[in-house]
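What follows is subunit A paired twice: with subunit B in the first complex and subunit C in the second.
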Partner chain A sequence: MKENKKNRRDFLNTCFRFAAGAGIVGIAGVLAVKSQKGDFLWQLDPTKCTQCGRCATSCVVTPSAVKCIHVYDMCGYCDLCGGYFRPNVKKLSTGAENQLCPTGAIKRSYVEDPFFKYEIIDELCIGCGKCVKGCGAFGNGSLQLQVSHDLCVNCNHCAIARDCPSDAFSRVPIEQAYKFAGFKSNKKI
Partner chain B sequence: MKKSLVFISLLIVFVGTQFAAFSQQQRFPKPEFESGYTQPVTSMPVPSSGMFALLDVLVLIAALSLITWFILKKRSRTGVVAVSIFSILYFGFFREGCVCSVGSVQNVVLALFNPGYHIPLSALAFFVIPLAYTLFFGRTFCAGVCPLGAVQDVFLMRPVTLKKWLQKALGLIPYIYLGLSILYAATATDFIICRYDPFVGIFRFNATFFMFAIGAAFLLISIFIARPYCRFFCPYGVILNLVSRVSKNHLTITPSNCIQCKLCESSCPLDAINKPVEVKQMEDKRSATRRFILLSLIIPALMVVGGWTGANFHENLAKVNSKVRLADEMLHFDSKTMNESLEIVGFRTSGKPVKQLYLEASEIVKQFYYGGWILGAFIGLIIGLALSGLSTYRYREDYTPDKGNCVSCARCLKYCPVEKD
Partner chain C sequence: MKNKLILWLSVILLLVVVAFMAKDLFVTTDRPQENIYEYDLKELRKVDSSKISHKEVKQIKIQANELHGIAIDDKDQIYVSTDENILVLDSEGKQINSLKVRGEARCLTVAENGNILVGLGNRVDIRKPDGSLRNSFVVAGEKAFITSLAIDGDNVYVADAGQKIVHHYNIDGEKINEIGGKNPEAGIKGFVIPSPYFDLMIGRQAELWVVNPGRHAFEAYNSRGEQISSWERTSMSLDGFSGCCNPANIAMLSDGSFVTAEKGLERVKIHLPSGDFKSVVAAPELFEEGTVGIDLAVDSQDRILVLDPVQKMIRIFEAK
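Up next, the complex of A and B:
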């Protein structure tokens, strides 16, 4: 009697084990086939971005994986750069008191009269978007926020996407990693 | 010529402040440089390669195999501790707690419910591989491969036994947590397991004070109460618990026949050792039948009550969704007394019609209505099953690990004096 009972329990256990195994294999199979369709990553759509500044604080990476990227093709090389200078500056010089960027991440260098080149020093940029806002308001909008993919850890659920008030973050196929507004990149990754 | 250009630019700049729409156009043409200036290339860094993802999966398999060997063959607690420390260092501090199996539940759910989401293979592997090991060898993943479990296990110094009823009651939390995280992942609302991970902030050294306080509290508690997160919160533990119950080769306290020396009795800090029942009793037929009828009435009743309650709460549950929250805010926005929030400003700039937002939000709320029913019914079922578990009687001859609750930490093995045959 006892032997019999034990066998029954073992038999049920085996049945459940096979059911669980089949379930795991089934789910894994379906999802594995689906995941073959390619890698996805998080991307910031600058046409939707309102430069609220949350990219600087919400990212799990410090400093943020969102950086200002300069689209040189669109830059007007202005002497009075809306992205570089604070409003109402006294002098158009590289003095820290004149700069809009809170970390001094924009390097301004003279090219030729009256043009100046603006470069972003990636290590200093925190992705606050202040320069982007300035450039968009007064200039061509060549400074744009983008997810810098060498830094992005591609979270399950992007912490910035959750906090973004303008729904600018979405998951896109890896081929469309970067999206610049008003400029088509020919480069494929 | 150039001076006049600058003048015009300045003019446009000042005019431009008044006309935001105008700013969308390219105002200043790119100059043609005479000094032979070469324009730098716009930087577009390549995504970091999937090397680490593959390495992580390999390390996971290696660590799981090793710890399983330590537990089932070598029966060595020292080995488990060694793997635990490795996991804390590698999966915890080095990989900063990402990818983790506990969170991968949400990826799987999102991938199942959302056709647009392709789960990364590594996340899928982190979900499936520990499950497969658990199916064959018990919860060896929990024992020391999961960095969350390992860090609590290492902190355990003076284990205190909790009252049985308290354990049962707290043991319901992981099911609710799992249900909620599935609901939020399925509606693509949020990944709450990742958001409220107690240790990830400590692993990354960048926790906010609140997050650090929770993590530190868990670690302090785990000095006295074994693995508070694993037992009373971990949603992945729920799944492993169920799978482990039917595992093929679970850890056994004695390597051969138990001599009933009772030394292992209090060795388990998780209270996962089932003590033998001295006398074999049979429940009389009438009370057994009555119990069966009562339970078969109570469990569906609990499910209906739970479902109804969940459905009534669906609007509150849906408020976590950002779209629903925005729609709610827009609906109650009063421009006279309130300042526009960043969300409202963002929505206005997008130029999307408000009606569309309301439609989308109501669609999500509807999903939460059905989700609320299912979640509530699930919680009702779990409570019902817990009740039935309390009232069933099972005869045991030996000290055996409770296959569900045992995390195979191998502490009990040290206490058993029986040598291998």
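Up next, the complex of A and C:
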């Protein structure tokens, strides 16, 4: 009976082993969670976005990893496009003075009467969202801001998410990397 | 003495540092509001008060999940279509009847004899004034989607936004003609409808007025389907229409002026029979931003009834 009794040293040894085991399990757990986080990306929800312009200035990447993406299936292909033209333009031409985009990142081309195609030049787009706001105000809302995952460095704490006044940024599973509004597919177009 | 002074100064310095740290940690300062890239649309939503010709005199709240369309009969009874029924109100807004419908009643109109025509997806139901079903017919075509109806005697006109055409039926549902199809020889350019807003109505001389929303145009047709008139106003300013599918809904005053409701920049305006801008009935500030589907009707006193589907009410406007 007496032999079964543990002395203080054995007790401490057991405690130490138990603590070490728990620590290892804990670390494994944390690593597992962290490895899962790798499957998540920052993305902007266009239904919450207010096009405040901060995506252009807050991103750690220059120019911003947020870009305007055109959801062509939704577009009205309007002659007077609210995302392309400044308000109250006199002439619906491609003149720089008529364009809303501060960097001239939207290319307009004639398709057939009365349709015009609008394309975003990724290299010029700074993600300010002016065109998105104009498109939403006057059209179907086919221009939308999205984080371009080719450019995003996926910071642990996204600088734009911190500055976003409408909480439009969140981490999304990698399988749903793009969150277009009003369009069934979440694939990048 | 000197050591004591240094000690006190150190304590004060430490307190200052702690205070700064506490401020940084616990006090959030307002973010700078200025942003060089912000596109401020507030200015576009403002309307010069001298251009507003009407005042809102009444609001009638409607109990329904969704409001889709409004119509008025020759006794000034008001009909509102919802996702479940047709509500019939007297001219003061008191409910006098509720007709159950099969499906979402996206649009409706009332004939001179009191028959009620209801558009439900690709189906037109014609109900007698007591609400019983007179007859019903389906618009053929996989993409058929009815957005507006008009009736002149036995002629029923159906705006089909899905197939971008106006169907001409008789009251018994027999197809007579298709109106507005692209026909370069006849000078008809065809309807451009990027989103499901496609309205029509009967004019003062029984002509059919159809909105060509993608072109910001109004087109008039006779019962043979020939285009007899048109006007077009494309502009971001008050004098015209912009974006996809505007005006979204229309009605007509007794002098032949057009009442128009727009989406995007929500506003109700009046355009003269020539198409020129006349005045504003309701400025964008009266509507919640993003409101779509503002439907219109005009009663015998030229009061303009505006169906506000977001605030779920009928807003009645009278000339100032």
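Following the convention adopted for this analysis, the second predicted complex is superposed on the first by the 151 of 189 C-alpha atoms of A that agree within 3 Å, B and C clash if a C-alpha of one lies under 4 Å from a C-alpha of the other, contacts with A are read in each partner's own complex, and residues count from 1 in each chain.
One rule holds for everything that comes next: contacts are C-beta pairs under 8 Å (C-beta built on N, C-alpha and C of every residue); 3 or more make two chains touch, one makes a residue touch a chain.
Just so you know, these numbers come straight off a predicted model, no measurement behind them.
Of the two partner chains placed by the overlay, neither subunit B nor subunit C lies in contact with A:Lys179. Touch criterion met: A:Ser148 reaches subunit B, while subunit C stays clear of it. Shared-chain residue A:Gly134: touches subunit C; no touch with subunit B. When the two complexes are overlaid on their common chain A, residue A:Leu100 makes contact with subunit C while staying clear of subunit B. Once the two complexes are overlaid on the shared chain, A:Ala56 sits against subunit C while remaining clear of subunit B. By the document's definition of touching, of the two partners only subunit C reaches A:Asn88; subunit B does not. With both structures placed on the common chain, the touch criterion links A:Cys78 to subunit B and to subunit C. Counting the residues of subunit A that each partner touches, subunit B and subunit C differ, and the larger count belongs to B.
In the superposition on chain A, contact is made by A:Val111 with subunit B only, not with subunit C. Comparing which residues of subunit A touch subunit B with which touch subunit C, the overlap comprises 52, 54, 75-80, 82, 113-115, 136-140, 165.
Only residues 51-54, 56-57, 75-82, 85, 87-89, 92, 100, 102, 113-115, 126, 128-130, 133-134, 136-140, 163, 165 of subunit A touch subunit C when the two sit together in their complex.
Of all residues in subunit C, those touching subunit A in their complex are 31, 35-39, 41, 43-44, 189, 192, 194-195, 214-216, 234-237, 242-245, 264-265. Residues of subunit B that touch subunit A in their complex: 2-3, 5-6, 9-10, 13, 16-17, 20, 23-24, 26-31, 33-35, 37, 39-48, 50, 96, 98, 103, 106-108, 111-112, 116-121, 123-124, 127-128, 131-132, 135, 190-191, 194, 204, 206, 242-243, 245-248, 322, 341-343, 345-347, 349-350. Residues 13-14, 16-17, 20-21, 24, 27-28, 30-32, 34-35, 37-41, 48, 50, 52, 54, 60, 62, 69-80, 82, 111-115, 117, 119, 122, 136-141, 146, 148-157, 162, 164-167, 171, 174, 177-178, 180, 182, 185, 187, 189 of subunit A are the ones touching subunit B in the complex.
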